[in-house]
Amino acid sequence: MSTIRYEAPTTLDQAVRLFSANPNASLLAGGTDLLVQFRAGLTQPSTFIDLKRIPDLTGITLDGSGLRLGAAVPAWDICRHQDVKRLWPGFVDAVGLIGSAQIQGRATVGGNLCNASPAADTIAALIVDRGQCVIVGPDGERTVTVEEFCAGPGLTVLRPGELLVAVRLPRPAPRTADAYLRLIPRSEMDIAVAGAAVSLTLDARGVCSAARVAIAAVAPKALLVAAAAEALVGSSVDEQALDRAAAASSSAARPIDDKRGTAAYRRTVAGVLTRRAATIAAARAKDR
Amino acid sequence: MSRIHVHTAINGEPAEFLCDGHQTLLGALRDELGLTGTKEGCATGDCGACSVIVDGRLVPACLVLAAEAEGREIGTIEGVATDDALHPLQKQFLEHAALQCGVCTPGFIVAARALLEANPNATEEEIRLGLAGNLCRCTGYDKIVRAVMDAAVEMRNAVR
Amino acid sequence: MAIVYLPHALNAYTGGRSEVAIDAPRVLELRAALERRFPGIQAELEQMAVAIDGQIHHDADYERVEQRTEVHFVPRVAGGA
Amino acid sequence: MSEQTFTTVGTRPIRHDGVDKVTGRANYGADISLPRMLHGVVLRSPHAHARILSIDTTRARSMPGVKAVVTGRDIPLVQAKLAMGEAALDLRDMGDNLLAHDKALYHGHAVAAVAATSLDVADQAARQIVVTYEVLRPVLSIEQATARNAPILHEGLKTIGRPTIETKGPTNIAGKLELKLGDVERGFTEADVVIEREFRTPTVHQGYIEPHACVAQTGEDGRATVWTTTQGPFVVRDACAGILGMDAARIKVIPTEIGGGFGGKIPVYLEPLAIVLSRKAQRPVKLVMSREDDFRASGPTSATVIRMKLGAKRDGTLTAASTSLWYEAGAYKGSPFGAGAMCVLACYRIPNFFIESYDVVVNKPKVAAYRAPGSPMAAFAIESVMDELAETLAVDPIAIRLKNAVVEGDRAPYGPSYGPIGLKQVLVAAAAHPHWKAPLADSQGRGVACGFWFNAGMSSSATVTLNADGSASLVTGNPDIGGTRVAQAMMVAEELGIEVDRVRPCVGDTDSAGFTDVTGGSRVCYATGAAVIQAARDVKDQLRARAAKIWDVQPDAVGWNNGCALPPGAAADRQPLSLTELAPQMAKTGGPIVGRAAVNLPMAGPGFAIHICDLEVDRGTGKSKVVRYTALQDVGRAVHPGFVEGQMQGGAAQGIGWALNEEYIFDENGVMENAGFLDYRMPVTSDLPMIDTVIVEVANPLHPYGVRGVGEVPIVPPLAAVANAMHAVTGVRFTRLPLSPPRVLEGLVAAG
């Protein structure tokens, strides 16, 4: 334990080289998952490679094509970015739900993705917002969708030596908005027992022309629920459409019983939250 | 393996210390620098007792590596009072009897200061949500929230 | 005479008697008198607190039990904070 | 007594230790460091129930930097009990709990400890200790413990029954207590309504924010000094002395500031280990529990199963009660089953009752005291049933409680008559409180519940030393967990007629303070307070004698008023002498003035409370939130109302946590799955509303100012107050805690 090294590369190249040379290294962004796992003896890295001094990972860039969010930007900074908040209120809500104000000062979206917890708050939101993961490794750069990025609990598609550099979100179409809701037992500080994200587009008459629905904490990874989206498309997001969407989410859920909730409970709540998130997203889309 | 030499600034003064690669900032503050006002309640980022400021951001010192402090500005409870006066939050915590055992108090004061500096007009609800990462088991939070609300008034008046 | 209330919990010794008048100056002698009357009871009583006219003492050996005093033997209680 | 007028009592001065605590200067358990100090790590059992076949420490001992290793062999099993005023601590069990000897009895049970030059080395060394276990089937509930052919934790365990009960063969039932009055069968036949329910509460933890921590230094002469975070420095000293076979005079315990206790910092977990390690290493040793260890291996409070049957006439008059209470003790006997039995019916006049209560050992950490031990679970049962009775009879829930409330002169269920008590007063105050009549939204409901706690007495000492400038120093032996320093200083100020800032209150160590029982049982302001007042009055008497000397009159003739000695008639020409005038003349008039007192008081007058809770429930998810809360309590006399309110608010918050989300979750092997603040869900700031308080003062005749205990009663009502509010919103009677969202939704679905 006393021989663990700490490295803080200042360029992406350095980071990639260091990581390739130290396959047992742990990449450190916010550390809110990594250091807890390390303390619990779940991971024994040879080196901590701190990514927070690399400009490619720590910037927020917004242009005509959309957002490029550095993987190591802390939640606190994202929540205070007024333009990002305006364009993706659901995603920013999800970011804002991660832990406490203290945790927000550390936790990153990149870390949330790489930790690949089924209960991660941002992943479902990123999925409905058509997020893309920018990955860099010894063989260069590649991009995968967020729904592909996580493979299961704690598992990602990152290959040896690769690291997540940024997340890209395309600019939302007109009259499009997102929403994310989760259920936790307390008002703050808990891990989601179930979560639901919805992004939808309304046409001029208020009819839903496109939708994406994703649910969290009810399967080994966040699930994109096509059936729930289909239930909303073509409707005015009315009670019947919401009921169908909720039912679709509940039946798509593949939850387990654990210390945070029962499978039956999660299944029900995934539907309830889908319904409520869709309602919020529709209201937001109307205002655009 | 030699230890890491870290140069930083703590509460506005240059400071340096040696640490191990896996040592946390909390460990370094308490064990290397003798700044024991920052407390360990859980070591998992769930209680807020180790709240400190790093480069203007409120963070749990238990989830920061000490080596990360290189070149950063650190603020701890020991730097909240000025040479001649308690901070309004400290005064209001005392006036309101907002501490019982007092072990969560440094974390609350550091976090509440960060909260009020970012949002001087925070409502009761905003204060409660903003301080949700600081556990107190003695007070039921009532007097803490009142102390923070009154400190906010005092801080706003001082700015005018 | 002190009126001693015998708890249901000590029925094994008292045969179900619920109160008895005892002439004794202090709790120490009162317990001894009860032992003479109900053999074996003293060891149990020593584990218990004593309420004298409503006030519960944990260490009551030398407390006076005057005329028409009410004496109860009650289980000891632990407290938190 | 209620006509007493006060100058300082009832005001809200700033606590003397406050500035140190808001600036980070105050030193708590883990803040102590000594030169050459070693760091210790405790190796814990990975099994909830296992026979220890062997422990091999060879490799650990040979590691560089390792200075001492201890196992159960180093901790003698002493067949003795430590009288602690309230309850005897069994030193044998305590020794076996410190380090398992033959069997590990819960997951996390300590089996060995290492001291090394750094925490990392100690941690690595602990991993090198090889323990061979024969894993046994764990016993994880009352049902499992009492089942036929249940695994037995302690082969020799015999049920201590009052009345004596026949036990056939080995058992996990350590104790039984019965209380009885009247004819229960007849009582139920006289009833028009009988309600019967079974209630369950989970294992919960005190959740103090500062984990257990200590440093011990043993010298070449074998004398030890221990710095520790404890509610009772004298308990630590006497427990260490008893277990380790040392004279109490060879151990000095210095209490650090304490980051919460609530009963959980009365037993010893680390201190004897630190002493033995430092004796072996001849260097100071620090032991600090991680939060995880603290959950797994300190003392939470009992999970319970309580069956409650209650009968009443149509007008609400209670006729009979029959209740059976089962308390888990954890790995060793000693749950608060006796207290539970005595508390469960203590609020009401019930002419016929039968109470039986059981102490059951299970493979979980040994329970410790937790704020009014045993009473909250019992109140959950009786107060839920009272609520249902009110509903069934269509009467107001406060009115039915008033109708049956005990008053002065009524007999408590454990026998003696109550002195002046305030249950009726708090009920009347609750009925008149605006909260009780305030409108509610559709998604909201309101519940009430009462609570009772005895409040302890026990032994306390105090010393007041007058300084030549007229200020005073106060030394007592109670660690200050919630403002007791300032409250005690206020009593000195009140007696001597000086400002509270001119009194310096000090928490002494075991060498400098007279023997004092724990900070616990709600006893500090009452019992230690009484000693403080007596010591201050001793100072006053000595001052009168000094004035008499100056005036050359008889001391008895000198009066005292308002901080001044008053000349007797014989010296009517003299001016009164104030304390500030007399103090500088101490040396001339006979030497230092030191007032002292030592008391052993009977239990304080019992405390009663009623809480009103408004709960909002999300029917879609089962999630609830307390939106308004009022706690009303008889406190006897509020010395520092700010800290009295703080006790009421803090107790209410802990009880709300117990009701809504807190619980130990064990897997089938007895491993706690949520040993951290993330998943052991204590209330956070945004979970709670402001907690309104109403202080009722029915003076306690046993204290000079009328003080009665305050700290424990407020955790008693919330469990039922919340559950009753939940019923008011949902129409569902929940009998199992916590009322977590999944459980509530399940209940809603089941009810259709």
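Letters A, B, C and D name the chains as they come in the text, with residue numbers starting at 1 for each one.
The working rule: contacts are C-beta pairs under 8 Å (C-beta built on N, C-alpha and C of every residue); 3 or more make two chains touch, one makes a residue touch a chain.
Bear in mind the structure is a predicted one, so any value in this text is a computation, not a measurement.
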{"item": "Chains most often in contact, by C-beta pairs", "value": "B-D"}
{"item": "Between chain C and chain A, distance of the C-alpha-averaged centres to the nearest whole Å", "value": "69"}
{"item": "Geometric centre distance via CA averages, chain C-chain B, whole Å", "value": "56"}
{"item": "Distance from the mean Cα position of chain D to that of chain A, given in whole angstrom", "value": "44"}
{"item": "Distance between the centres, which are taken as Cα means, of chain B and chain A, whole angstrom", "value": "29"}
{"item": "Residues within chain D bordering two or more other chains", "value": "120, 206, 261-262, 481, 678, 683-684, 686-687"}
{"item": "In chain B, residues with contacts to at least two other chains", "value": "20, 43-44, 46, 129, 131-134"}
{"item": "Chain-to-chain touches, reported pairwise for every pair that qualifies", "value": "A-B, A-D, B-D, C-D"}
{"item": "Residues of chain B that touch chain A when the two form their complex", "value": "1, 4, 20-22, 24, 43-46, 48, 51, 54, 57-60, 62-65, 67-68, 70, 111, 114-115, 129-134"}
{"item": "Sites on chain B touched by chain D in the complex", "value": "20, 30-31, 35-44, 46-47, 49, 76-78, 80-81, 86, 89-90, 93-97, 99-106, 109, 125, 127-129, 131-146"}
{"item": "Footprint of chain A on chain D - complex, ascending", "value": "118, 120, 123-124, 620-623, 625, 660-661, 665, 673-674, 678-679, 681, 683-684, 686-687, 740-742, 745-746, 749"}
{"item": "Chain A residues touching chain D - in the complex, by the definition given at the top", "value": "1-2, 183, 185-191, 193, 259-262, 264-265, 268-269, 272-273, 276"}
{"item": "Chain D residues within the chain B interface of the complex", "value": "12, 14-15, 17-19, 21-28, 30-31, 33, 120, 206-211, 257-262, 290-291, 481-483, 640, 642-643, 645-647, 649-654, 676-678, 682-688, 690-691"}
